[in-house]
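In what follows, a structure is listed as structure tokens, so that the remarks can point back to it.
Labels run A, B, C, D, E and F following the written order; every chain starts at residue 1.
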Amino acid sequence: MEVMRFCQSFMTELYKYVGADTDVPAGDIGVGAREIGYLYGQYKRITGLYEGVLTGKGLSYGGSLVRKQATGYGLCYFTEAMLNAAGKSFKDATVVVSGSGNVAIYANEKATELGAKVVAMSDSNGYIYDKDGIDLDCVKQIKEVKRGRIKEYVDAHPTAEYHEGCSGIWTIKCDIALPCATQNEISLDSCKALVANGCYCVSEGANMPTVIEGIEYLQANGVLFGPAKAANAGGVGTSALEMSQNSERLSWTAEEVDAKLKTIMVNIYHNVEAAAKEYGMEGNFEAGANIAGFLKVADAMYAQGVC
Amino acid sequence: MEVMRFCQSFMTELYKYVGADTDVPAGDIGVGAREIGYLYGQYKRITGLYEGVLTGKGLSYGGSLVRKQATGYGLCYFTEAMLNAAGKSFKDATVVVSGSGNVAIYANEKATELGAKVVAMSDSNGYIYDKDGIDLDCVKQIKEVKRGRIKEYVDAHPTAEYHEGCSGIWTIKCDIALPCATQNEISLDSCKALVANGCYCVSEGANMPTVIEGIEYLQANGVLFGPAKAANAGGVGTSALEMSQNSERLSWTAEEVDAKLKTIMVNIYHNVEAAAKEYGMEGNFEAGANIAGFLKVADAMYAQGVC
Amino acid sequence: MEVMRFCQSFMTELYKYVGADTDVPAGDIGVGAREIGYLYGQYKRITGLYEGVLTGKGLSYGGSLVRKQATGYGLCYFTEAMLNAAGKSFKDATVVVSGSGNVAIYANEKATELGAKVVAMSDSNGYIYDKDGIDLDCVKQIKEVKRGRIKEYVDAHPTAEYHEGCSGIWTIKCDIALPCATQNEISLDSCKALVANGCYCVSEGANMPTVIEGIEYLQANGVLFGPAKAANAGGVGTSALEMSQNSERLSWTAEEVDAKLKTIMVNIYHNVEAAAKEYGMEGNFEAGANIAGFLKVADAMYAQGVC
Amino acid sequence: MEVMRFCQSFMTELYKYVGADTDVPAGDIGVGAREIGYLYGQYKRITGLYEGVLTGKGLSYGGSLVRKQATGYGLCYFTEAMLNAAGKSFKDATVVVSGSGNVAIYANEKATELGAKVVAMSDSNGYIYDKDGIDLDCVKQIKEVKRGRIKEYVDAHPTAEYHEGCSGIWTIKCDIALPCATQNEISLDSCKALVANGCYCVSEGANMPTVIEGIEYLQANGVLFGPAKAANAGGVGTSALEMSQNSERLSWTAEEVDAKLKTIMVNIYHNVEAAAKEYGMEGNFEAGANIAGFLKVADAMYAQGVC
Amino acid sequence: MEVMRFCQSFMTELYKYVGADTDVPAGDIGVGAREIGYLYGQYKRITGLYEGVLTGKGLSYGGSLVRKQATGYGLCYFTEAMLNAAGKSFKDATVVVSGSGNVAIYANEKATELGAKVVAMSDSNGYIYDKDGIDLDCVKQIKEVKRGRIKEYVDAHPTAEYHEGCSGIWTIKCDIALPCATQNEISLDSCKALVANGCYCVSEGANMPTVIEGIEYLQANGVLFGPAKAANAGGVGTSALEMSQNSERLSWTAEEVDAKLKTIMVNIYHNVEAAAKEYGMEGNFEAGANIAGFLKVADAMYAQGVC
Amino acid sequence: MEVMRFCQSFMTELYKYVGADTDVPAGDIGVGAREIGYLYGQYKRITGLYEGVLTGKGLSYGGSLVRKQATGYGLCYFTEAMLNAAGKSFKDATVVVSGSGNVAIYANEKATELGAKVVAMSDSNGYIYDKDGIDLDCVKQIKEVKRGRIKEYVDAHPTAEYHEGCSGIWTIKCDIALPCATQNEISLDSCKALVANGCYCVSEGANMPTVIEGIEYLQANGVLFGPAKAANAGGVGTSALEMSQNSERLSWTAEEVDAKLKTIMVNIYHNVEAAAKEYGMEGNFEAGANIAGFLKVADAMYAQGVC
């Protein structure tokens, strides 16, 4: 009740400044489905409007399917596009995914769907390594249902290994690394280990998981690097798709949302790639993402006049 | 002019309380296309908004195709889904449809399209029985063009029979009965006759045409029963599709509307079926419809907070 | 800055009277992408609304693909529908297109795509004739990049001819004439020359390029005549598609816009053709366009009540 | 907190339908200063408007002085006007006031100020009679400070009498009776007693304290009768004055409010008197009040058109 | 009903562009109290606002007292101020008033109240001359009650004279002439006659009743000239007072309105006089009125910025 | 033009958050009549509302008379009330006023009007001492017309003295000191000098001109101390009066504004005095001002509910 009243009081002040065509906030740390529901209810109560003023809504009142999966799936779509352009693919690749939250689980799911074998995942205590490929249903059971620790995985899969500590995961031999746990989780040393092991692609699912020196080292060694700013945009992209569904007064099927999410991520890759090339930094997708983002905003501002 | 002014004056008061994102009224008994047009015109005049504030609009100012057919078609889509789940289908089934208004005519049309033979229809005076299958064009000619009585059918089809009175229609041997005439038109006795004749499905196109004891008898005898609350939702479902078209500023083709209508009705069936099963009343679609409807509203209210 | 401030000041007064659901202005002579951008920016600044209140917007803030091509492409879609109904087609036809602006260039492009050979284009000084078919890339280079004159074409294509003056273009033998330059560019004499040369279709891309006596002469001699009111509606039709994209908060691909544009133009042809037939003037598409347009407005007004 | 939240939730729904220029609710039974404050706060929070949307507000946020006194003072102003027209006045008159709430206390105060001697007051248990004139400060002390019973008065004033029961108060000899306690408190028998004792004026401070037969008896015997509908309008009149102060963004002094209240009540008397005379019922102020009220509303409705 | 519906339909479009703080229309030729009532009712119905959006309202729904008298009274207040500054006054002056409508009747009434003797009035047929001073009650009876002609005056007052034709009235010897009938009613010849007869003041109650050459002649001969633009502003001034009363939610007494009207008119005189003096045309009130009016608007525009 | 555009652009963002019933900004340092005019013009242009959304407006578009004088006059009204309560008055008192801006000049003017002799004024360079009383017209001429320095005063008044430096002014023997120059202008030493010279009243026209230790010393020595928070509230009080005039659509005369200003300041004194007494600090007006201000806000917040 305390949380509900806080949300209601907050929206009583906020409602004047948001709207489906004005500003559309979404949840974030500490503001999940419950809080979005309370905020949305108060907005509807005050304005009488049943419109998509917030994203991350529950399915019963305007939310979108595939929202939970969006960042992880989107990461793989971006990465696959980047790989394809380099004549590579997830197909038959060995992948390390750090983390075991929503981003990591659904990155694993989609990478596997695209033909990869994911051999490691982690949580804040340590990581598991399963040379036969992670049994994702087991991870989901541990993390989504039992809310347990990743090390429980080895109880069900005796042939898998559990190691304490998080950084060791990057010493596992892999083709592709998908850091989906937390900021700064890949140090310069981890990058060196990845390169030494033949990893040819690092793509970020977490927010800025690779330290700056690490990024430079990876790029200098020809590793395809997908920067978080572009590679993990699937979540906010699906918020936009939720807004489209609200505006159309339709609920798309999971397949439709997934297909549009894929289109968004592939387009992001192409924009990022093109911007890097145009400004003389071909293959530097981090520079490309910064340039493309800046130009889009700057062009729109310029076109719309100042004053 | 009297009707027009009444509608205009009514909307002058109402316009503050409705809107495309607030509440969207539709026509009903005594409020048809003409009245909706006047109401819509006044709303537009006062607010300056060309938006989908009402449904059932004329095609020239935002209405949807397939509206007239929606309840009848939707009834058959729901019923077909229910039949399919039981390993049955309209294909080659003998069907009795009561009534000869929009619901009945287009239920006949769609059932026939799905492979059934409709052998009887009725109006408030009596019913016709045509063992070779009703000639629907003839019925449309009588009812939609000439505004005549159903008994005129036998003039054109001498081999068909006309019987005075409405309840006799349920004594005709059939596989599927689609009551599309009026409330309480199927008594307990009619249900007994239907069961005795081997009817295995009753699905309601009218609002609550089957008496409560009749419903219980049908269910007790294993007859698939499609309750009006779910089975005749095609009309209001198409109102929602009209709202989507207005929001998109597009007019869908008849095929598109029909396809989406089908999706809606099939989803309704699955939701109803699942709710019945979850609450231990598998196969009782009437209970399922009540439960699913209540839960959808209750969940949304709970999620959006009280106060 | 002067233009920007003028646009801003104008919108400061105008914003109360326009809106995505009220009135949606578009650019016209002297109001291009730059001015639309300034007007849009001021609207957004004042209302806080990010909505499709204007069309012709830049791609970075809500504009549509295929806008530049819309009128020219649409002209060919309409014309192809008209030809098909007469058992003809652009396939293998010889076409004369007057003008070399957006309408002419993209009419040429689409006609060529549909199998025709375009042998002549013009500008306000004269026309070129290339019996092998115009090299459209060369025309685009001259007109879109170099902003030059059409006679430069013969520098690159020595076998082509350049003639001073505009009216001579209609003396070239052709199957189909697409006047896309300016008002009243086809005189009665030009019509006689076209008919004498076996031309069986004239379809207008410019606004009213054929003089009234000319239209009558063409119709009297069995030439298929596509009136500007219907045939060049592709531009405003794409404005409507831009509004739909804004409402859906989606950006369609060029292919999607093009496909919808085609549907719109074909529907226009069918409405025009049907109206002409219903009112006893079969084949007179000019009358049909006037009748269909008037009836659509009149029916909507009547349905929405007066007062 | 429960009451506060109820008020806030109620206003969250109500705020769309009220406003300083639309409808302005006031408190009533169970809705006092506390509730008005909560309602007002929520209205201000939601709308951001600091306007006089409710009356009966606290002095710190827009309320008016003399609100507590308004009905009682107003009763005496109306009555004095009625008496003056008959060549009489409160001056030196003996007055009985029933009740000891706000209406009664301030009717006593103003009547005394106008020269009368108030000899009796009451509460729901009984009444006091003080032939020397009620000591009003003592009554205020008992009722407003100690929240006690009226019989405590005789503790401080041994020469006064206390009698159990309410109806006996009307058997006290008086010139003017001001029933300010409750509905139907003056029966026909009480009226007969009043007339027998020479009472020449009964003016109602409570809502309809005199039974219908009593009113007729009083009028038949030439007693000046001030009907509640007009005589106790001082409260709602002061609500209007609160609205004026809010609109002017000024707070009038108590003297100013009192003076305007007097003007209002005297005008009411004159309107009522004139209406009675015009419709042939001179001196029948009850009929006059009904007629004047009806005509004011009817005239305004007629003038503003129907539809 | 036709008029009512016209007014309602007109306001249905107009209501978006007017408002108590935006624009406040008033009646004029053909739009009297009846039409203002219908317009006001529709505005209130649509907006739900009870605000002073129009002036000239009926007394039962927000109108002001002294509206009918406003122009005539205001003319005399302006004129008296002008006379006083010249050491003169209405006191004991002989006055000719042309016309017998609202302006003329109440100019006569106020002039008489200020001590003048009004000896002539007129209508469109002719004028009356009563050397003993016009009996204004008689004129009101003829014009306001019986809707008759001014010549009926001589029936009741045999010593008065009636003359056919309007221009003769200006040949009557008088000190002050108040043209209150119609445009251009005082020709140059009339001006010469007035000057020849010793008239020292002409002040306009009608709109521009004096021809331009006449004004110049009067000024050249030292006659005090009160131009219509300033002298007959009492009507619009009282509209402003109606707006103030609406804003305060108060109805002023006739005395209060009259006093404020006087203040307004005297201020106008002083502003006009000062502007004339400052710009080197002392005593030329026509120039002063133009200058003062222009400067007030220009200063406000300049202060509020351009763009 | 730069300033104008800045103001317009600022108001384009601000207009949503202000309004006559919401928040009403006023000018301050760097935002004078010119800027208020531009801001007001833009607000009116965007909203179409002619309402009192800002104070400090020019007289031609809603400003109030006596605004320039308000703080200085108000200081004297507050001080006179404080003096009167102590049995003293400005009458025949010798006064020192620091500063020579609006506050100082009009404090001098009003103090003189109330019977005092003002013997010193200052600017940021030094102070003048005129034992015969300052010739205020001369000061106005120097400061308001010539924009010169206060030392020029001695050119016109040879018997007056000019001293460099500001703090010396407090060593002049006086009964009442009105610091109207700047913050912290009266040090503890200055306070000692004032007390030593028999000064019995210090009242602040500037914002917090007296250092905290000085205030304590003055109070400890029985000097009447008028704190800035209360004593110089005349400016903001007159802003409120401007709002009232706007709401009434009336312009008060200078006399009316001045009278209301006096009432406001005297009421402030009484509230401050009463609050000090109630909380056991009788005569400590600084504490009283803090307490009264806090309680007014706290009471209103409490009454209006939290959440």
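Just so we're on the same page, a residue touches a chain if its C-beta (ideal position, glycine included) is under 8 Å from a C-beta of that chain, and two chains touch if they have at least 3 such contacts.
Just so we're clear, the structure is a prediction, and the values are computed from it rather than from any experiment.
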item: Chain labels contacting subunit A and also subunit F; value: C, D
item: Touch-network distance, subunit B to subunit F, counted in steps; value: 2
item: Relative to subunit D, chain with the most remote C-alpha centre; value: C
item: Identity of the chain that, by mean CA position, is farthest from subunit B; value: F
item: Magnitude of the superposing rotation for subunit E and subunit F (Cα, nearest 5°); value: 120
item: Gap in Å, rounded to a whole number, between the CA centres of subunit D and subunit C; value: 77
item: Approximate Å spacing (C-alpha centroids) for the pair subunit B, subunit E; value: 70
item: Separation of mean Cα positions, subunit F and subunit C [Å, integer]; value: 70
item: Multi-partner residues of subunit F (at least 2 other chains); value: 5, 8, 12, 16, 45, 48, 247-248, 307
item: Residues of subunit A touching subunit D in the complex; value: 12-13, 16, 45-46, 48
item: Subunit D residues within the subunit E interface of the complex; value: 19, 21-22, 240, 243-244, 247-248, 296, 299-300, 303-307
item: Residue ranges of subunit B touching subunit C (in the complex, touch as defined); value: 4-5, 7-8, 20, 33-34, 37-38, 40-42, 44, 48-51, 58, 60-61, 247-250
